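We call the chains A, B, C and D, going by the order they appear; numbering starts again at 1 in every chain.
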Amino acid sequence: MRIGFIGLGKMGSGMAANLLKAGHEVSVYNRTPAKKSALIEQGAHDCPQVADACRGDAVITMLADDPAIENVAFSDKGLVSALKPGVIHICMSTISVALSQRLMQAHADAGQGYVAAPVFGRPDAAAAGKLFIVAAGAPAAVKACEPLFADLGQKTFLIGDQAPLAHLVKLSGNFLIASVIESLGEAMALIGKAGIDKHQYLDLLTSSLFTAPVYKTYGGMIAGETFEPAGFAAPLGLKDIRLALAASESLRVPMPLASLLRDRFLALLADGGDSSDWSGIARLAARDAGQ
Amino acid sequence: MRIGFIGLGKMGSGMAANLLKAGHEVSVYNRTPAKKSALIEQGAHDCPQVADACRGDAVITMLADDPAIENVAFSDKGLVSALKPGVIHICMSTISVALSQRLMQAHADAGQGYVAAPVFGRPDAAAAGKLFIVAAGAPAAVKACEPLFADLGQKTFLIGDQAPLAHLVKLSGNFLIASVIESLGEAMALIGKAGIDKHQYLDLLTSSLFTAPVYKTYGGMIAGETFEPAGFAAPLGLKDIRLALAASESLRVPMPLASLLRDRFLALLADGGDSSDWSGIARLAARDAGQ
Amino acid sequence: MRIGFIGLGKMGSGMAANLLKAGHEVSVYNRTPAKKSALIEQGAHDCPQVADACRGDAVITMLADDPAIENVAFSDKGLVSALKPGVIHICMSTISVALSQRLMQAHADAGQGYVAAPVFGRPDAAAAGKLFIVAAGAPAAVKACEPLFADLGQKTFLIGDQAPLAHLVKLSGNFLIASVIESLGEAMALIGKAGIDKHQYLDLLTSSLFTAPVYKTYGGMIAGETFEPAGFAAPLGLKDIRLALAASESLRVPMPLASLLRDRFLALLADGGDSSDWSGIARLAARDAGQ
Amino acid sequence: MRIGFIGLGKMGSGMAANLLKAGHEVSVYNRTPAKKSALIEQGAHDCPQVADACRGDAVITMLADDPAIENVAFSDKGLVSALKPGVIHICMSTISVALSQRLMQAHADAGQGYVAAPVFGRPDAAAAGKLFIVAAGAPAAVKACEPLFADLGQKTFLIGDQAPLAHLVKLSGNFLIASVIESLGEAMALIGKAGIDKHQYLDLLTSSLFTAPVYKTYGGMIAGETFEPAGFAAPLGLKDIRLALAASESLRVPMPLASLLRDRFLALLADGGDSSDWSGIARLAARDAGQ
């Protein structure tokens, strides 16, 4: 397929490379042009403008947050004005449910396709094509994208025909991960202050009831206090919890644990944690315990 | 070995049966005598009094809470007065760190052994000999118990020579499980109110990042709202969170997520949830969302 | 003075009437025209359009929320385009700090004045001219408004020359009031379930340490469970807590009590509380206690 | 009356002095004898043992916590064994509802009187005879104590014939005060980080809606960050919140705000705050905001 790819950060650059390896014709755009170089060397077409990435069968956006997507989608020569009818915008970023709804409407009004397909996985999983992809949208459009998803991830989950619900699922998943981080942070502050070795404790957990990779990955970072460099930075963690809370407010669903996480992220950022991994919220439990 | 076994509830009865199957000579005591019958049929000796269970090489207690252990251990003809020097009390119940410290001291003063060995696993795991055992105590005593642990569980984790720390680890583990329940309860209230099928959502989670059995077990109960009959009843859940909070207070470790769980359990019990499984706290998130 | 008055709800209608009584020339606009009638009978000029209310020395807005203000200020013939240079927009609504900043900038760019002057007090205080007014803005503009404030309120507090800070103070004040409501709700659930009479308890509180009117007003509503009709409706309470949280996020200030309040308001609304007074969050504490 | 007075700390010494001034015959006991000197100079009788303070018409206890009362009441020559039938134990300390129930029962079994009469007010109020007293117990016994209460406080509130309920009311009151501290801490962290002067802000609050002395007293300490020397020390604050939570657990009343306060006190103590006034929890909100 001919794919436009917009957003070449830690996640996007690995994903675009995988599409190239799989034989797709990939045209890349990034606000900071330097990040395009490696992909162009691998055979990608260079797009000076967003509109230049809109000439294929589909365009993938993998951007950091709502404002970045709004800018790329709704500006004068952005996606909504540049895409031809029938071309699909595959939004793989983690954005608000509200913006996803607005995109769905705008693309429908313009006769374009819109598939929401946010991903679970950190940069190493993106580079290895091991992402988990949560997709939703009009069935025909989703079907057309499935081969791409197979090149980018290890498994695709279909959520239905309402694209924004894929973004809701993604946000809820990040809430679940952050909950694991918080619970491990509190538990390790407790057993650590009592003199138990945190690595030994983590080994016990992950060899018994908590075998999921998310416990190993984040538990290791917490036990070792290795929060930098960030795989997923704290400001992005705050953003996702904020978006989960915004969705919960629209739906009138109280989420006290999500509220607790919000305040943790604010405390981390107020403490200078902008470059910390989001798992750095766990050290606040230790700090509050005087450790 | 010749083992006294005190406490034949949902967990203890399966554990005692496994010791019999493994060829141990088991003497059983239970406050409600009827629960002894099945084990006596399988070859256990009947103990009318606690002291009758104290004549072997070790005595295992598997009781519901602190008062039950205090009664069995410190009453007139209880363990501390009845056990001969050198005999080991293996406390496999989930009790407070403070009571575990008191038992450690009392048994040491009486020249008796004391090993803390609480378990992870629900009644089906107890019956199948698939428990995870967290053991701590004087090395020689722990070593003497290891063959028993191999008959009762699939894996034993050694925490060191301070017996009460095994109880702390156990309490922290139940806190982590309850945290999973709360996080799933909030996430499912959110996506459920948006119209996403909870079982499909759970399948997505447990096929991707949340592969641990604890997500499958409790996620299934939450998605299906099948909280009765209880495998682990809500009052016991409250008890364990209370004991974790008591330990956190002694150690001066704030645990806001544990505090949230405490209030959830109180709300569940205030709503008539005494016979609910402890995962029933998840339906409070749905109730608060008007579902 | 010649005053335009926009927004004739429960608060605004009493305020506009007080300006008339004080001898000002008042021109009134309201989206729903019927609410203008009583004031026109009292001598107010009828404004069919927003722009018609912009011809005096100042225009007061007393509207429910950010979207209402945005519409009145930034639409085609709205305040920013209609006010002559030097005329002052006095924004007495409780709005977000971010919108207040945007208004400050837009009016400055247009050579107009902008004074933020949100108020404390419920509709009866508005009608009685007993409001507390928190004002900020350019000193000359604030000075020009002070006679009006004297006609509307019992006391004016000057916060400085940064208008949006008056809105921040107002939001923080509503957070403090909601905190009182929550704390009384929990305390009354506790003593009420123990069998103590709530009214007698409230009398004790307000005759000793908690003599402030806010305890009497809200305590009486909670003890008597008289949450309807609403003086200040639950959706507005949620709005103000949301705006306080938004400001706290911008400033990176964790506010766990504000987060707790947010979830209370969501639970109240999810339970059908749209027409409840915001103090209705207190009955959630009783409900969670099974009362 | 002839009064025994046990417990001459910051509160008790002022209270005993007021009884002397009012013409009562006062016999004083204190674990640390040195604190008796000033009162003996003012005419009090010196009691070397608890039992020596038990020979009058009533004995007042004003001790720091449950263990201190348990020791004085239940030890070999303690109150329960030393008081003659009909003599009244007036428990003015802030103790757990459970201990108050146990005292009520023990004194009833011994034919002695028991009145619970905890107080609101800090040491300066105790010295000035300006306490608020919350009393409960058998009507005749309470009536007999009322003249004493008039000498010790500015107002007495009668809660009924169940003595422990007076302690519940007292604990709920301290919860309400701590809630004020927390809410002010968060609000001042917010407006302070925005650049508003905290003293000016407090003046606004206490001149408008928050006129109660509790806002002035604690608000001034928070704005000025003057948490030492402590009027009421942080460990006592933690104790009272713990006792409120224990009562809430017995009654099955979730209290999320009380849970938040518990964790604040733990964080303060973990941070070395043992000698801080309990209002020191407010600086944690500022710390979490990076201030």
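One rule holds for everything that comes next: a contact is a pair of C-beta atoms (placed from the backbone, for glycine too) under 8 Å apart; a residue touches a chain by one contact, two chains touch by 3 or more.
The shown structure was predicted, so the numbers you read here are calculated from the model rather than taken from an experiment.
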- Note on the structure: Neighbour overlap between subunit A and subunit B returns C, D
- Message: Taking each chain's centre as the mean of its CA atoms, which one is most distant from subunit A?
- Response: D
- Task: Averaged over CA atoms, how far is the centre of subunit A from the centre of subunit C? Could you give it in whole Å?
- Result: 38
- Expressed in whole Å, how far the mean CA point of subunit A lies from that of subunit D is 52
- Rounded to the nearest Å, the gap between Cα centres of subunit C and subunit D is 38
- Counting only residues that touch at least 2 other chains, which ones in subunit C make the list? 248, 252-256, 260, 263, 266-267, 270, 288-290
- How would one label the connectivity among the chains shown: line, ring, star, complete, or other? complete
- Message: Under the definition above, what is the set of subunit B residues touching subunit A in their complex?
- Response: 120, 132, 134, 155, 157, 159-160, 162, 165, 168-169, 172-173, 175-177, 179-180, 182-184, 186-187, 189-191, 193-196, 200-201, 204-205, 207-215, 244, 247-248, 251-258, 260, 285, 288-290
- Message: List the residues on subunit A that touch subunit D in their complex, please.
- Response: 256, 263, 266-267, 270-272, 288-290
- Contact set on subunit B toward subunit D in their complex: 238, 242, 245, 248-249, 252-256, 259-260, 262-264, 266-267, 269-270
